[in-house]
Every structure is written in structure tokens, then in C-alpha cells.
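Below is the structure I would like to discuss, written out as C-alpha cells.
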Amino acid sequence: MKLISAVVKPFRLDDVRNALAEAGVQGMTVTEVKGFGRQRGHTELYRGAEYVVDFLPKVKIEVAISDDLVERAIEAIVDAAKTGKVGDGKIFVTSLDEVYRIRTGETGDQAI
Amino acid sequence: MRIPSKLLRAGLGAALLWPAAAFSQTADTGDTAWVLTSTALVLFMTLPGLALFYAGLVRVRNVLSVLMQCFSIACVMSVIWIVCGYSLAFSDPMVNGLLGGLSKSMLAGVGFDSVSGTIPETVFVMFQMTFAIITPALIVGAFAERMRFSAMLLFTSIWLLVVYVPTAHWIWGGGWLAEMGFRDFAGGAVVHVTAGVAALVAALVMGNRQGFPMTPMLPHNLTMTVTGACMLWVGWFGFNAGSAVAADGAAGMAMLVTHTSAAVASLTWMVAEWIRYGKPSVLGIVTGMVAGLATITPASGFVGPLGALVIGFAGGLGCFLATQFMKRKLGIDDSLDVFPVHGVGGMIGLLLTAVFSSVASGGVGFDDGTTMASLLGVQVVGIVAVFVWCAVASFVILKLVNLVVPLRVSEDDETEGLDLVLHEERGYTL
Amino acid sequence: MRIPSKLLRAGLGAALLWPAAAFSQTADTGDTAWVLTSTALVLFMTLPGLALFYAGLVRVRNVLSVLMQCFSIACVMSVIWIVCGYSLAFSDPMVNGLLGGLSKSMLAGVGFDSVSGTIPETVFVMFQMTFAIITPALIVGAFAERMRFSAMLLFTSIWLLVVYVPTAHWIWGGGWLAEMGFRDFAGGAVVHVTAGVAALVAALVMGNRQGFPMTPMLPHNLTMTVTGACMLWVGWFGFNAGSAVAADGAAGMAMLVTHTSAAVASLTWMVAEWIRYGKPSVLGIVTGMVAGLATITPASGFVGPLGALVIGFAGGLGCFLATQFMKRKLGIDDSLDVFPVHGVGGMIGLLLTAVFSSVASGGVGFDDGTTMASLLGVQVVGIVAVFVWCAVASFVILKLVNLVVPLRVSEDDETEGLDLVLHEERGYTL
Amino acid sequence: MRIPSKLLRAGLGAALLWPAAAFSQTADTGDTAWVLTSTALVLFMTLPGLALFYAGLVRVRNVLSVLMQCFSIACVMSVIWIVCGYSLAFSDPMVNGLLGGLSKSMLAGVGFDSVSGTIPETVFVMFQMTFAIITPALIVGAFAERMRFSAMLLFTSIWLLVVYVPTAHWIWGGGWLAEMGFRDFAGGAVVHVTAGVAALVAALVMGNRQGFPMTPMLPHNLTMTVTGACMLWVGWFGFNAGSAVAADGAAGMAMLVTHTSAAVASLTWMVAEWIRYGKPSVLGIVTGMVAGLATITPASGFVGPLGALVIGFAGGLGCFLATQFMKRKLGIDDSLDVFPVHGVGGMIGLLLTAVFSSVASGGVGFDDGTTMASLLGVQVVGIVAVFVWCAVASFVILKLVNLVVPLRVSEDDETEGLDLVLHEERGYTL
Amino acid sequence: MKLISAVVKPFRLDDVRNALAEAGVQGMTVTEVKGFGRQRGHTELYRGAEYVVDFLPKVKIEVAISDDLVERAIEAIVDAAKTGKVGDGKIFVTSLDEVYRIRTGETGDQAI
Amino acid sequence: MKLISAVVKPFRLDDVRNALAEAGVQGMTVTEVKGFGRQRGHTELYRGAEYVVDFLPKVKIEVAISDDLVERAIEAIVDAAKTGKVGDGKIFVTSLDEVYRIRTGETGDQAI
């Protein structure tokens, strides 16, 4: 099993979610994060002074998934999240040793 | 305010010691109703108006400290006002022309039936008290996010007695500036110049916040700031139109010019930002509003709508430029821009009061034997006197307080935020 | 409002050109005090009342844009009102029955001593100005979250002169509807129908927000909306009871019926939701309140408590059903429901004014030679005229503005949110 | 209050059945203006003042439920007041000394021209209504975060008729306590003791919130609480100074002593916390303010500035200690401290009213044939009577309501939060 | 060393924390997240229109832990977080390469 | 590739960010979290009652990084985040299986 963490632009969240659902992913966990990277933040006015706000609001989507679905899921995320502009985000994949479903005690692929 | 506008227009106002000398035996219910209402409006300006306006502008870790400062100032100044502040400002002078006496301390002699002008004296005491509350509260913007709470209480308390009370006596209590015919209807000098100058001095004495001006210190909640700004606008009707101390045409005109100036100054700031930076900001438009209101304040009982349009424009543009200059050129961390908005606005307004008092521009005209030029001279004298006295006294008070308790919190505490460090509370637990 | 209630009850009101013809030489301080207060209350309705009510309902990325729209409208409309709006609405007619003249532009002749009825004319100008501010601000709800700021300023400015000012003249300035005996005490037609109809047209012309109605677009801060709603309630006392332009029994009754209608309509909406959806919501009860207030507005000087109970119930239920119909059946994205609440409420109120003016139901009765039926006819004529004029004019203005600057921001900008795109600011940095 | 202050000082007040017996034919516009304004101020105290004050103190999952409770109480109490509440409190007695009659139910006979004292009766009805709104709303603090919405509506509705209305009649409507010369100017007993005692009973009957007192249940938004507190302060000017039912010296003095007490009590609480816990808190200072205002309320028409200083101090300290005792010693979950602040404050104020009414301390003096000691006796009788009646009746009503619908939501629902469970909404979507 | 990430219902947080403390876990890091899964969101009213809000507030608890404690910790979490209703949440286990305590520079099990 | 997660005191964020930038790290993702650990929370007043609030606001910084940069990055974080007082925080290192840049589809070290 893998854990896919995708950092994407907030307004692509709905699309990504739908794409993942179509790819067969049923659950996911979403966190609001701030991103620093190549994309420049905006300039904020403060009574005539200008400040560069260099972090950008992003969302992180975490999906635990069985190995055979990984590729499809990543494709789905890339397709849905891509705007072609800098700051579209990243996908990180790590290995999961184990997964448990708290309600039933199921483990492994059953638990996802 | 203070000089009943009817008298004033009859050319009698300036020389009059008022309201110490009550000239009417029974109060008028309509006038009383309006000043009661105005008192509520001016208290509303500070609590919650100004408190929210300022608190929204600081970082989230200091939001409560700003609310606490405004709130506690309101309480302490009220008590001082009752104990001796009112008496020293408005009772028969101790030192001729410079300071009132102590005959009314603890409000001795202010009873259910005392009358002052056409309103009960209790109402006059209360109305004036709300001015004594908001003036030191305005200074909070200068030292926000770094001043020790106890030092702040000490400083503002002494400042009220040493700066505000004498200035109020000079101008509204029959003191030397009143005798000269100085025109400050609702507090351009008494409130805005004193607060602005004290803010400038405080910012210089205390030093910049850590990280200023490199780190952006953005408002944590602009919706709170806009809410406070709107309350200031509404409350200012009580501040200026209430200063007519009557529900008459003078009050009506004061409300009209006040509103006009606020609207024009808001738009002026908005357009200035739009031209200069490509986008108009919410913070900009509401700051323009405060600038417009501060600028019209001294003029609000003397000018007509035309004067208000020009004064609003001058206030908006002048304060916009002053803000830029202070932040960018001088690098002074008057954190919430008290001096460039209130100080500069108050001074512009005091000068333009002389210009637009003229009947030709719809104003009330000049006192017998006075001209626009002579009034302008008086206004300059008044501004300089108030500026210098306030600057020197504020500096000395701050230095003295610093001997008793350090003005600033430690670096670590500043970083952690005053809310937790000084009050063991956090603003939001969402 | 406008027709002094004493006159009205003496059967003289309708034919009178008022307040152009001042019929009293000195102002009454009590009346003046109340209208000064009412002016503050009505400004408070817009700033911050309505601004918060609306801003809480949008998504967090557009919160400042809504505050900015309301605030800047207040400023711009004030200036227009002074320049020529007041004159075109309330001075001697240019085109008989249709539009006032320019004799009072720049408030020419409105001085410290001008009196209008029993109050200074300056106070009347200010009181009326607050109505000219809130009316276009109400429309903001229709195009929230997608209109370009500059287009919004252009649209509302022209709209004030082309729709609001003439309507005010027809009904309150002695125009043709006033002559017919049309009854609109505090702005059912002048304020609520015009704003509601303009909102409907704007929603249609601008189109739905992206994602509407599939994506839920939930209020980002209902506590803000409730705060604004409460301020609207309190401020409405000035709106309706202030419209008596006196501190008398008519004002008292206006306040009583206003409050009653608000309470009943709130409960009606609450119960309707409880029955229909199983749970009463906070947004529901406060929307019911606004509906009740809009509905009683035209009737508030003419009906008694019994009338108010029925009007409140009708307003609450009627607007509840209208809201559902607009959203669910028609799928029109009048984003914050301006038409179903203000437009529909205003019309219901105007019709019921005819019914509950009857002495039998505790109202003031009808003018000599008029019956309930004839008044009902007049009310229908007035509604149709205002509706049609407003709809056509609003449509044309929007289309014209669109030629100068596109009404809507780009899709990307809409997604990003107006706060950053148009004002380079964010509401909260918590 | 209700007893016209001029009469009172002439020693006539206590025995008078007022305002049922109007003693003046035409209303005074100034007095009317002030009571209209006061009505707006007192409504503002509840909506949004108290609502925000309370809502900020609960956890984020219950914020809307508190706003909904305050708002719906305002609506329901208004309707009950019109239907029969006003009549039962203020019309000619049904049961001599105990309860008014039904002759004014549905406000029968209250027309455009009815006068009560020097103001229109409609205005008196409205002003009194705002007191009938805020009193049950105060109780909300006791059962916040766990009471079922429907049970809450039932309880407060019955409570208004069984507790508030009779108490108001006894004290302000010419009932037995008024005959005895009981002094409660603006509602120390009628409002604060009744609300406080009902809160205590409700807290005991309903039981503690899950996790109390081990789990910290911290305010979710102290900025909201401070905002509400400030609005309460400003609104209280209408509450107390409006209770003079005139714009005169009595109103002025009432405003002055009200403000003084609030300021002193705030500082007292602040210093108490500073000494006891090492840091002053924002929540502390604003709670002190409410304590000071509740304590001065019964005294506000009878005492002078000196009395106000002492009363403020006593209220601040007494309520501070009471709060600690309730929470720490007794472990009663009167969640937002209604009894220790309003109940205890009201009782302290009622007792001190007797002390500081004396002319020596600047008060209005005693009625002919009365002394400080005799008045103190009367005050004790009144407090005991109100306390006992309120406690017994509140207990019985709660038990009865519980038979119809359980007072508390289920454990799971309490955990999930009332906003989602009862109203299907969330406060913030940031 | 392992990193245990548990997504649970917010109101179980206190219980889970206590249970972990009893199981010998001294530190943890908590994040507010939104969960999508089998559990249906609530229906929100908006002036009479109903919208399904399909994400649910959850909290994510992250615990770095030495290998021998993993089982006990998971049991503790499951026991404390379980309500038996859908939406109780999941536990994910991944391997940690290294842990550092910033204050002391300690690494490995010492650093936890 | 590794994923470095550092939990640090919020007011050290700016310094850590600058230190990482100097160490050659270009992007990162930041989350606000609550920390429980040895550091005691503060006591909060509530009308004279005192409550211990035992969680502390922290920020979590996540950095995906190529293996050769790991050591330098960790040093940079430790240097910048250290105050020497309890509660300075932890650094966790896990292995990344894969990284994708959504905008370009790049993978591996290229994508970071």
C-alpha cells in the first residue's frame, strides 16, 4: 500500500476529488497548508506600503491506496490539478507499512 | 464645539467663559436628548469602534492586548475625569488662562438640577468625558504590539492630566486660546493633534517593532477593522454634531459637513491608491474616511458643504501622502499611523477652518474685528502651542514612566505575543 | 415618511408639495434630536449593518469585496446626493410631477437656518441621504462574488440618478404618485421595490456564479451575518420611526409596528423552515426578520399593531416562498436573495398598506374621498410604474456600463476570489 | 424605572399607579426623542450586544445556537408582550397589587395619540418591551451549550408570564412593592435578580455540561465577547438613563452614575485578578463591567457620583468573589456566570440603593416618613420576595417543560455541538 | 521507528490522547483535517435550499514511536477512537528513517 | 529522495525558511499544527478559574529533498529552530518512493 500526498491549488480540490472518485478512490483526507516554491506570492497593500506575501494557500490531499491503483490515481490527480501555470503543485508517494480501519479493526487493503 | 453656535455667530462666543457660567436656568429637553444620544455615540466610537478598528490591524497574537488597552483606558480616564479632570478643564481657573481649578473635583456641586447652557451639567460632564476617553485611546495605535500593559496605564493616566486637560481648558474651557478666538469646534487640536503628536513621540521613544519594516505585519482581520471604521463614522455624528450642544441648525450642519468630508476623503484615498498602486484597497478607503473625519472635526461648526468638500479632499490626500512619507521615507513605526492620519489631519483641518469659515464659502463668518488672515494666524499659534506642549510633555512622561516600569516587553514576549504573555488569553479558539 | 403625519391624518397630506414648502419658521429641538438620531441609525444600517449582513453570506475569498462595495457606495452616493441628487428629488420640479429641479444643487440655499417642517433642512438632507445610500447598497447582494468593482461603481452611480431620484420625487417629493395619494411611508417602493427589481435584472444580466446551483456556496461567517442583521433591526427604528420626521405619537407607533412585524416575520420564517425541513436555521430567522422589516416599511406610518401582526406574517411567509421559488424553480442566482426578500416584501407591504390603513384595524384611516379599494388601486398603479421603470432603466444601464467596462471579472479571477484580484487583500490572517 | 423622577423627589412617587394614569395630555418631543433612542439602545443591548457577548464565550460548535436563542427570544417575547404581557404588567390590576389586567391585551386602546407621562404610550410600550426581551435572554448563559431549542422557547415564554410580568407589576406597575416604596430604578430586581435566580435554578435542574469542570471550555472568540460587552455598555445608557422616561437632569445623572459604576467595577475586577492570578485578563475586565452595570441599575435614578463609585467597587468585588465561589466551591455549571454576575450584582445594588439614596452622599433623599433603615428593610423584603417567587416558579416551569420535551439534548448531540444538531449550520467556514 | 498517523473523529481526541499517554507515548502532533469517505456529510440549509456538505471535520494525530511500542499504541488508539459508527477513521503506519530532537540534537529512540 | 517533516515553534518559521533557502531548498509546505509533548502549555484564565491548555501551537514544515541534501537541510533546520528551551520540536525523516511535479509531469529529483 502507498500513501499519496498531493499538494495542489485550492480551487482544483473539487476536480481532483471527483477525478479520484472516478479512479476508484473512496476516501481521502484534506489539509489546508501554505506553500512556498517557485510561484511568487502576491503583493499586499498596507496603507500605501507594499509587502510581498510569499506563501500561497494550497491544499494537501492524502490518499491511502493499494499498490495497483497508484498509477491511475496519480494520473487522475495530475489531469485534474494541472493548469499549466507555475505553482500547480507536487505529488509525493511513500510506502505504507500498515493500515487499520478503526471501526472494524480491518487491516491492509480491506481497511482503505 | 463648546461655544454655543448661536452666540458665536452673534460675535460673542470667543470671549465667553463657558459653560462655567450657566446662562439659562432650565434645560431644553430636545437639546438634552441629542447630547445624551451624542454621548452614547462618542462612547460607541471608542468601545467598540476604535478598539475594533485597531485590533483588526494587528497580528492575531496581539488582538486582545489592543482591545484591553482601549477598554482599560476608557475605565481609567473616566475615573480620573470624575476625580479632577473635569474640574481642571472646565471649572473656574486656578491659573488664569492655563488651567481650571479644583472646585468641581469629585463633581462637587454637580447635582440633579445643575444646568450648563441648555442641558443638565451632568450631561455636559458625560459628553466631555467621552472625549477624554477617546483621545488617549487613539494613541494606542502608535505603540501597539509592544508596550507593557502597566506602563501603558501609567503613561495615559498622567498624559490625560498633563496634556489633554490643559489643552481642553485653553480651547474649550475659556483659556488663553479661547480668548484669542482660536476655532476648534469638536477637537481638531484638543483631540487629534494631541493624540497624533503623542503617538509620534511614543513611536520614536519606544522604537520599531521587531522586524519592521522588512517583515510584513499584515492586519489579522480586516473585517474587524472595517466594522470598527463604520462605527467610527456613525459615532462621529455624535462627536461633531453633538458638539453643537443643541439640537439645532448648527448641529444639522455639523452632521452634514462631517459626513461630506468623510465621503470625499474616502474616495480621495481610494483614487490615490488606485492611481499609485493599480488597485483600491479596503484598508485604504476606511483610512481615508478616518482622515476625512479627523480633518473636518475642528471645522465642523464653522463651515458649509462647499468647505466640507474641499476639506475632505485635502484631508484625504494630505494624510495619504503623510502616511507614505512616515513609513517609507522616515521608517518610523507609528504602527497604526496615528500621527499621519490624526495629527496631520487635525492640523490641516485647523488651518482650513480659517479659510472656509468665510460666509462666501457657506461658513458662519468671522467674529467682529477678525478676518480670515487674522484667524489663520491664531490657528497657527494654537497649533504650534499644542504641538510643542504635547511633544515635550509626552516625551518627558514616557521617559519617567520608563524609570518605573520598562515601556516595552522583552523581545521574547514580543515574539510570543502580548495576549498570552500579558493576559494569558488567546483571541480565537476556532 | 415625508408627509407629516399630523397633516396626513387631517386629510391634507397627499396633495402637499413637501418639504420644499417649509411651513414653520423655527425647528423643534425634540423633533430635530430624533431625526438627527435617526440619521445616525440609518447610516448604521448600511455601515456596518448591511455590509456585515451581506459579507458574512459570501465565501471567504470575497468578503472584503462586499464590504468595499457597500462602503464605496456610501461614499459615492453621498457626493452625488449633495451635488444634485437631493435637488432633483426634493426641490421645485423641473418636469412637473416627474423630477425635481437643480435649484438646490450643491445644496445651494441650504444654510444653518433653513428649516424644513419642524427640523433644520440640513437634517432633512442628511436623513434623506442615508436612504439614497442604502438603496443601491441593497442591490449588491444580487451580483456579489462576481462583479467588477469599477463597473459596480459606474452602475450604482447612474442608477441612483436614473431610478432612485425620480422615484423618490414621484412619491416623496410631491410628484405624480404623491398627488394620486400613493402611500409609501418609509420606502416600500422607493427603497425596497427599486432595489429588489434592480437586483433581479442584475442577476439576469450578469448570469449565475460559476457552479451555481450545484456547488454549495455557504456563508463563510454566519456570526457576521447575524451581527449585521441585528444592526439592521435596530437601525430600522430610525428608518421607519424617523420617517415621521418628528418625535411624536406617529413615530412611536411606527416603531411599534416595525418591531412587531420584524418579530412576527422572523417567527414565521422559522416555523416554515421547521415544518418544511425539520430544523429552524439561524440564517432563516434573520432572513425572516429582514423580510418583515421590508414589508412593514411602506405601511409603518399608517397601520396599528394588528395590521403589523398580519403584515409581518404575510411578509415572512411570502418572502420565504418567493426565495424558494427563485432559487429552486427559476434557478436565478440573485445571490443573496435581494428580490425575493426586498422586492417581494416591498410589494406585499404596499398592498397591505391599503388594507390596514383602515381605522377598523387600528390604522390612520383614508384621506377624504378615498376608500380602501381606491387606495388599493393607487398602490397597484404605483407598484407597476416603479417596477417597470426600474426594470427597464436598470437593464439599459447595465448594458451600457458593460460597453465601457465588462460587468463580470474573468473566470479565473472569480475562482481566485475578488479580494485578492481586485483589492490585493485578504479578509483574515489568523 | 418608571416613577417620574421629579415626582419622586417631591415625595409623591411611590404611591402612584403609573403610567396607567396619564397625567399629561400632550407628549414632550424632547422626552419622546430620548425614550425612542433609549428603546433602540436597549434592543441593541440584546441584539447584537448580549448575543455576541454570550456567543463568544461558548465553544465554536455552539456559537450559532446561542445567537439563535437570543434572537428567537427577542421575537417571541415581543409577541407575548403585545398579546398580553404589557397589559398584565401595566394596566389596571386584576388582582390588587399582584397582577395587572387584560384590558390592554392586543394593545387595545393604545393609539397614535395615547400619552403616558410625557411620552406617547406606544413609546412606553416599546421601551418596556425591550426590557421584557433582555431579561429572559440573560438566562441563556446558564444553560448554554446543552439545552434543546424547543424546550428553551417553551421555558422562556412561560417564564415571562409567570415570573417577569408579575414582578414588573409589583415594582413598576403600581403593585405591592411599589406601594411599599421599594426602589428599583431600572431593573435590579425586575431584570437582574429574576434572570440571575432563574439561571441558578436552570443550571441546577439541567446539570453540568459534560466534562465540566475538568475539561477547559474556553471562549471560542473573545473578540466577539468584547464587542458584545462594549455594546452592552453603550446600550445600558438607554436602559438606565432611558428609565428616567424624560430627557432631564435625572436622565443625565442616571447616565453619569451608570458609566461611573461600570468603569470602577471593571477596574476592580481587573485589579482583583491581577493580585490573585498575576495577570489581568480581557474577559475579567469586561465581566467586571457587566457586574458594575447590573449593580448600579436599581440605584441609577437615586444616587449621585459618590454613591456610584462605591456601588461600582462593591459590584465588581462582590461579583468577582461570587463567581469564584460558584465555580470553584460549589461546582455549579451556570455556564456563563449569570447568577454570580446579574443575581448577586442586582442584590448588592438594591441594598446599596437604600444607603446611597441619602442626600448626604449626593442622592435624591428618602420619601417623607422613610429613613435609610426603613428603606433598607423594604429592599430586603423585595429581594426575598422576588428571589423566592422566581426560584420556585422557575423550578416548576422547568420540570413541567421537561415532561413535554426533554430539556437537554442527548450526550452525542452535546458532543457534536448544537449548531449542526439543532440548526444544521456551522458558524464559520473560513 | 514508525510514524503512526491516525485520522479520528474530533471529539475523540481527548480520549485518544489519554489512552496514548497511558500506553507510554509522551508526545504527539495534531492537525485539523477534512475527511472524505463512506460517512456522509450533513445537509446544510441555506434559506430553504439544502446542500450536502460532503467533507467532515476530523483530526489527524501523528505519533513517532519506537517499534516495540507500535502495537500497544495502535490498540490504544482503536479502543479510544471507536464509536462503532461509520467514519471512525483510519490508522496509517509508515517507517521512519530518522528522528531528531532539535533542542538536544539527540536522534533515534532517544529523540522521541 | 527523502521527506523531512520538522515540527518547530511558530515564531522560528521565518528563520527556518531562510536557512533552508540558503541550504539550497527551494520549496516547502507548511501546516499549522498543535503539539503535545514535554513542554507544558500555558494556564488560561476564565473568570478567575485557571485551566491548563496543554497543547501548543507549532508549525510543521515538510520538505521533499534529494538524498544528498538531507544532512545540510537538517543542520539548517536545527540551527534555525533551536532556542535551547523545551519544546523546540522534532525532525522526522521518511523515504519517498516517488515525486511528481504536476505542471510538467517531471518526476524524481527533477520534480522537487
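Should a chain be cited, it is by its letter among A, B, C, D, E and F, assigned in written order, with residues numbered from 1 in that chain.
Operating definition for what follows: contacts are C-beta pairs under 8 Å (C-beta built on N, C-alpha and C of every residue); 3 or more make two chains touch, one makes a residue touch a chain.
The model shown is predicted, which means the values in this text are computed figures rather than measured ones.
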Output for shared partners of chain B and chain D reads C, F
So which chains count as neighbours of both chain C and chain F?
-> A, B, D, E
Count how many hops through touching chains it takes, at the least, to reach chain D starting from chain A.
-> 2
Check D-F against D-E and say which one is joined by more contacting C-beta pairs.
-> D-F
Whole-Å separation of chain centres (CA-atom averages), chain B against chain E = 53
In whole angstrom, how far does the Cα centroid of chain B sit from the Cα centroid of chain F?
-> 46
Using the average of all C-alpha atoms in each chain as its centre, how far is it in Å between chain A and chain E?
-> 18
Of all residues in chain B, the ones touching two or more other chains | 28-31, 33-34, 37, 218-219, 221, 247, 277, 279, 281, 283, 423-426, 428, 430
Counting only residues that touch at least 2 other chains, which ones in chain A make the list?
-> 31, 44-45, 94-95
Which two-chain combinations touch?
-> A-B, A-C, A-E, A-F, B-C, B-D, B-F, C-D, C-E, D-E, D-F, E-F
Per the touch rule, the chain F residues reaching chain A in their complex are 3, 17, 26-31, 64, 94-103, 105, 111-112
The chain C residues in contact with chain E across the complex are 213, 216, 218-219, 273, 276-277, 279, 281, 283-284, 287, 320, 323-324, 327-328, 337
Where on chain D does chain E make contact in their complex?
-> 215, 415-416, 420, 423-426
Which bits of chain D are touching chain B when the two form their complex?
-> 5, 9, 28-31, 33-34, 37, 41, 59-60, 218-223, 226-227, 230-231, 233-234, 237-238, 241, 246-253, 255-256, 259-260, 262-264, 266-267, 270, 277, 279-283, 285-286, 289, 304-306, 309, 362, 364, 428, 430
Within the complex, which stretch of chain C touches chain B?
-> 27-34, 36-37, 39-40, 43-44, 47-48, 51-52, 55, 63-64, 67-68, 71-72, 74-76, 78-79, 82, 106-107, 110-115, 119-123, 125-126, 129, 149, 221, 224, 247, 422-430
